[in-house]
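Next, two complexes with subunit A in common: one pairs it with subunit B, the other with subunit C.
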Partner chain A sequence: MQTETSKNWSQFNKDIANDHYYYLRSCIRQNFFPGSEVAFLDILRNKLGKTIYDDASHTTCAGIGYHCDIVPFETIQALAARHFSLMTEKGLKHAVVSCVTSFGIYSEILDTWNHFPESLEKTRNALRKSTGREFELPENVVHCSDIVYKFRKEIKDQAKHTLTNTKTGKPLKIVDHIGCHYAKIFPERGVGGAEFPKVLTGMITAWGGETVDYPERRHCCGFGFRHYFVKNNRSYSLSNSKKKFESMEPFQPDAIVTNCPGCNLFLDRWQYTLEQIERKTYGQQGQGIPVLTYEELAGLVLGYDPWKLGLQFHQVEVEPFLDKMGIAYKKGDKYKNLDGKIIGERPMVNELNIV
Partner chain B sequence: MEKEQKHVAVIGAGIAGLHTANLLAQSGHKVTILEKEKYPGGHLNQWHHLFPDHSSPEWIISGLLDEQLQFDHLKMISSTEITSIEKNNGHFAINAGNELRIYADAVVISTGFKLFDARQKEEYGYGLFKNVITSADLEQSLKSGQPLTTASGKTPSRVAFIHCIGSRDAKCGNTYCSKVCCITGVKQALEISEMLPETEIFCFYMDLRLYGSKFDDLYLQAQKKHKIQFIRGRLSEAAETHDKRLQIKAEDTLSGRPLRMEVDMIVLLAGMEKNEAHQMFSSTKLLELDEHGFFKSKNIQLTRNETTQPGIFIAGTCICPMSVNETIENAGAASILVNRYLEHQQLTNHHE
Partner chain C sequence: MQHIETLIKEKLNSDIRFVEGLNACMNCGICTAICPAAEFYDYDPRTMLTIVQSGNLQKIRELLESDTIWYCGQCMSCKTRCPRHNCPGLVISVLRKISQETGAFTQSRMGRQQYLLRKGLGNALLNIGYSLHPSFIKPADHPEQGPVWQWIFENASEIYKTVGANLDEEGPGVLRKIDKEAMTEFRAIFEETGCLELFRLIDQYSSIKALELGITNEANQPDMDQYLHFIENEQETSY
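Right, the complex of A and B next:
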């Protein structure tokens, strides 16, 4: 087998459509940190002047079920075909995928159809028989982080804050963590390839921050569908995350930014777990390292209210990071619902004394 | 019947070109060597010592150049890059960049190889981390006579050699073996061990292809006398630690376990690649290239030095990766085939 070669990491680039997007939401992002998808749509429409169609009719891509071996490949092909059909119906050709798992799924399916046209025909027939739908192949499929990367300079031009420690004047040190299915399956479909992806570091540096290249940068976040869901091997998951925290700790990062829902959740929640099990925290001054999505980071740079962005959904407290950026926020608003009612505070991590 | 003097153009003044040119001049042919660099010698100019005898390559180059002096009919034109070769009536017109046009009865291409750009193996961090160097960089450092140090000037306590960089690696597009890197790694490991006896040295390899005469002796010496550790496993990645050391991850495939360790310096044994100048010959349909971009021989068994174009010959590492002694042997073989071709041409002309 001879594959097309990369010249080197800096030469990796991908084609990212400029406008008229069709949004493919993420199941888990809508639950774990729904503010990110809301912020993404708002930034695109109201800050960048782009059109993006948010379709209530689309469903899960069933990617997690596929990777856990409970949903067959034929089924996810039909699901993807239905999504492309919805997109065709709207006259749109540029798919923008919110979830890294889904992005990997769509990439894998399109690549399969490219190499095995008979499976595309089979899928067309299956969709036609079951729903009467037809579809066109998308012209451009990108992950949402690709879009934010593409418009990082436009976002910088409208910035209300930069990724600078306002007390010291120094750039904030931010660890980037890319979802495995973003570029490790198809390196040429990730900005910057698989080894030194630029998609998040490009945002960090454009907005004034400093990136951290620590030894376990490419190591898995610890999620991993099969060993987590099927084998229920949580200690293995935890030990992988721990390996990453230990490796990044000497660099004293101010935050972690991720482009994958699973990575964000695990790097965030496991810090709490490790604190409870081992009384060990990896951030500065005995705190955890805040873990943000790239939309949240963009939102903070653009001056969005941290609680409207949904930063309270993260386990590790984000306030130290907001303080460093010099962002004003109302403590009392943190646990208010959309109607302005306080839904009850949760205890701070270090106040939880489980014996 | 007096022999008409024929003219042979030799493209490339590395050791293959120099040796072929000398032998052809010795046979009485008029020879012109064209070299794109300012000085002859090619890659060997950058090399400190050769395997397996740790000899200096300088005497090889100077020996070949001294030999040239006895031939009035041998000429070298340096700093000259070829732009095209045309074939008319069995003769060749060679055009060079500075409006130079040379006519020849036969052409020998000895354009050599290109060192693999180790930045392509981005997971090893060459060009990003200062303590990741290539075998070629190490030769330069050894040649300088200065003691080997890390980027911050410290004596390395641990050095790791990584074999097969850009060789037998589908990911970077090169599926073939560069052949000389295994023994280069053993040789360089020995040289570091002799220079810095306290330094721990590890070689990470897939296979050790120690094919040549006396190569295994060096390998045994490295293990027995110098305690150099050979680990059968390919690196998955190298990353810089907070104190600028390098963390490497590999699998020790003999013990069947993953391995993670820190070293002070990594030496990447960069392979040989096609010279990009080869493209010029194939784009004009003059010559054919093989699947790896090296020149295709007319017959890989019998006439390795003949190309698919009668009258154009190849010598040295523009055919495939070769060691220095193989290159010299190969250049000798090329000169025999050129002689045979020119003699045949002479006979044919007289018959006409």
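Right, the complex of A and C next:
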């Protein structure tokens, strides 16, 4: 019998292009989780057989500057237009965005151009005057997590590991955290909308894991843009994340997975900060809860080496999660360079396993 | 006084984000219920929207000079929930822009922080075409980043290579150096679309504030390094 729920679900299906993508990188992801961007391109090209153009000429979208209010709306419109122009030059029409802030920015700009055609003309003029460029509107703009969600079954078909606790045989319990600007501004542009976002839970369940519902599931991580960039305001960011940790703690998740570079950073680093300030941890057996990007999760499922994926960039140790998945790794390799030598003075592990 | 309030009205009505962000607020308060900033600050988006909707320019001007408009974290959770399709977070963006264009931001502690952002984030954008670079995130300024980041910061060139990044090098890839041609276009866009003018206004009004606060050098000119230090450490009760 067709249920009311499935009827409603159809409203939240999203058109995700099948191939021939143009990649737009993220400021935060490439600084803090660089292996995730490398893995995403590798999975697309070498596991899924897709083409994606990695352009050296694109810049930041300046979305962080926009939400910190020092960069005007007109500027980000012209920067987005320049990226569409680069894409037009390559004959591509499907933009794939690594950052959730950027994804929100592109969505806001396209919506504005749709509602106010004069602003599109104004942007075309500004871009022409400043760079001599012209551009065509993209046919499809999606977030990278949309692509991994779309091909989650193809990834499962090539899986070397599943999201199962190999010692107990039970599914691993994974909290999904979706960046606010993925679907809260424009629900119709997110898989499942803002109310039932499925982009990460779809991956988790397809790969054998169990999702965790908890009261503050949809609460912001607390980035707050100016509230993190201004040192004096950081307690705002910390307080928001703490609220989430306290809410998820009773469910004892094995990991958190996020689709937003900033959220991944803060949910990782604020656990360390809270351990330092309050001697409080939220994971199992007094440990922190590992916080993974969806690219890292896909990479682990596909059998990528954890240190090639960049899991050594995390402050909260990921080894307990790797052990549960039954992934073999050499602990000593975590701090080695390409020549196999230990890099610098390795960070000390404290007794709570938050490095 | 009258002139500034007329200017505020003109700026509000000419910003398409204001047209998009405020349809007709019925004061239900769902935005405040969902707002993370309302939870941790003395902030109420419902009241803010009521004031703006009232059109009372004197009260709007007071808002522009207050800490209130700077509390929003721009998560935009309010947009999802508003039954009238308003977006208080978007209205905040417009108010913040006008506050900077009129100099009102220097009248509040949270507003004055815009000078920190313009110098730090603004210069980063203009210099490298990114918002961030590993070398900017100094462990002394970011204790929350922890010992792993300290290790990455001190050994960046080696560590980024292990995951296939292209730190500060030519060509595509993670953290590549953005080439001269792209940077020229990037900066030209900033000039053409008014971002550099906004930077100039933030600098200018901040200098006036430094002078007003007596933060000056031996030549009796605004000492902007000292002013940066002042706003970086300014507490709620210190001014």
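Following the convention adopted for this analysis, the second predicted complex is superposed on the first by the 327 of 355 C-alpha atoms of A that agree within 3 Å, B and C clash if a C-alpha of one lies under 4 Å from a C-alpha of the other, contacts with A are read in each partner's own complex, and residues count from 1 in each chain.
Note that in this section a contact is a pair of C-beta atoms (placed from the backbone, for glycine too) under 8 Å apart; a residue touches a chain by one contact, two chains touch by 3 or more.
None of these values were measured; they are calculated from a predicted model.
Undergrad: Looking at A:K150 after the superposition, I want to know if it touches subunit B, subunit C, both of them or none. Which is it: first, second, both, neither?
TA: Touch status of A:K150: no partner.
Undergrad: I want to verify the contact counts: of subunit B and subunit C, which reaches more residues of subunit A?
TA: C
Undergrad: Going by the contact rule set out at the top, does A:E216 touch subunit B (first), subunit C (second), both, or neither?
TA: First partner only, subunit B.
Undergrad: Could you say whether A:H177 touches subunit B, subunit C, both of them, or neither, answering first, second, both or neither?
TA: Touch status of A:H177: no partner.
Undergrad: Applying the touch criterion given at the start, work out whether A:K47 contacts subunit B, subunit C, both or neither, answering first, second, both or neither.
TA: Neither partner.
Undergrad: Looking at the overlay, does A:H94 come into contact with subunit B only (first), subunit C only (second), both, or neither?
TA: neither
Undergrad: Once the structures are superposed on A, label A:F196 by its partner contacts, choosing first (subunit B), second (subunit C), both or neither.
TA: In the superposition, A:F196 contacts subunit B only.
Undergrad: Please indicate which partner A:K242 is in contact with in the superposed arrangement: first for subunit B, second for subunit C, both, or neither.
TA: neither
Undergrad: Both subunit B and subunit C touch subunit A; at which residues?
TA: Correct list for subunit A: 218.
Undergrad: Quick one: which bits of subunit A touch subunit C in the complex? Just the residue numbers, please.
TA: Those in contact with subunit C are residues 25, 27-28, 30-31, 34-35, 37-38, 54-60, 62, 64-65, 67-75, 77-79, 82, 104, 112, 115-116, 119, 126-127, 129-131, 133, 180-181, 183-185, 187, 194, 218-220, 222-227, 229-236, 238-240, 243, 269-270, 272-273, 307-310, 312-315, 335-338, 343-348, 354-355.
Undergrad: Show which residues of subunit B lie in contact with subunit A when the two form their complex.
TA: 117, 119-120, 122-123, 127-128, 170-173, 175, 237, 239-242, 247
Undergrad: Quick check on the complex: what are the subunit C residues that touch subunit A?
TA: 16-17, 20, 36-37, 39-41, 70, 73-77, 79-80, 87, 93, 96-97, 100, 110, 113-114, 116-118, 120-122, 125, 129-134, 137, 141, 143-152, 154-155, 158-165, 170-176, 178-179, 181-183, 185-186, 188-195, 198-199, 202, 232-235
Undergrad: Per the contact definition, I'd like the list of subunit A residues that touch subunit B in the complex.
TA: Interface residues on subunit A, with respect to subunit B: 1-9, 193, 195-196, 213-218, 250-251.
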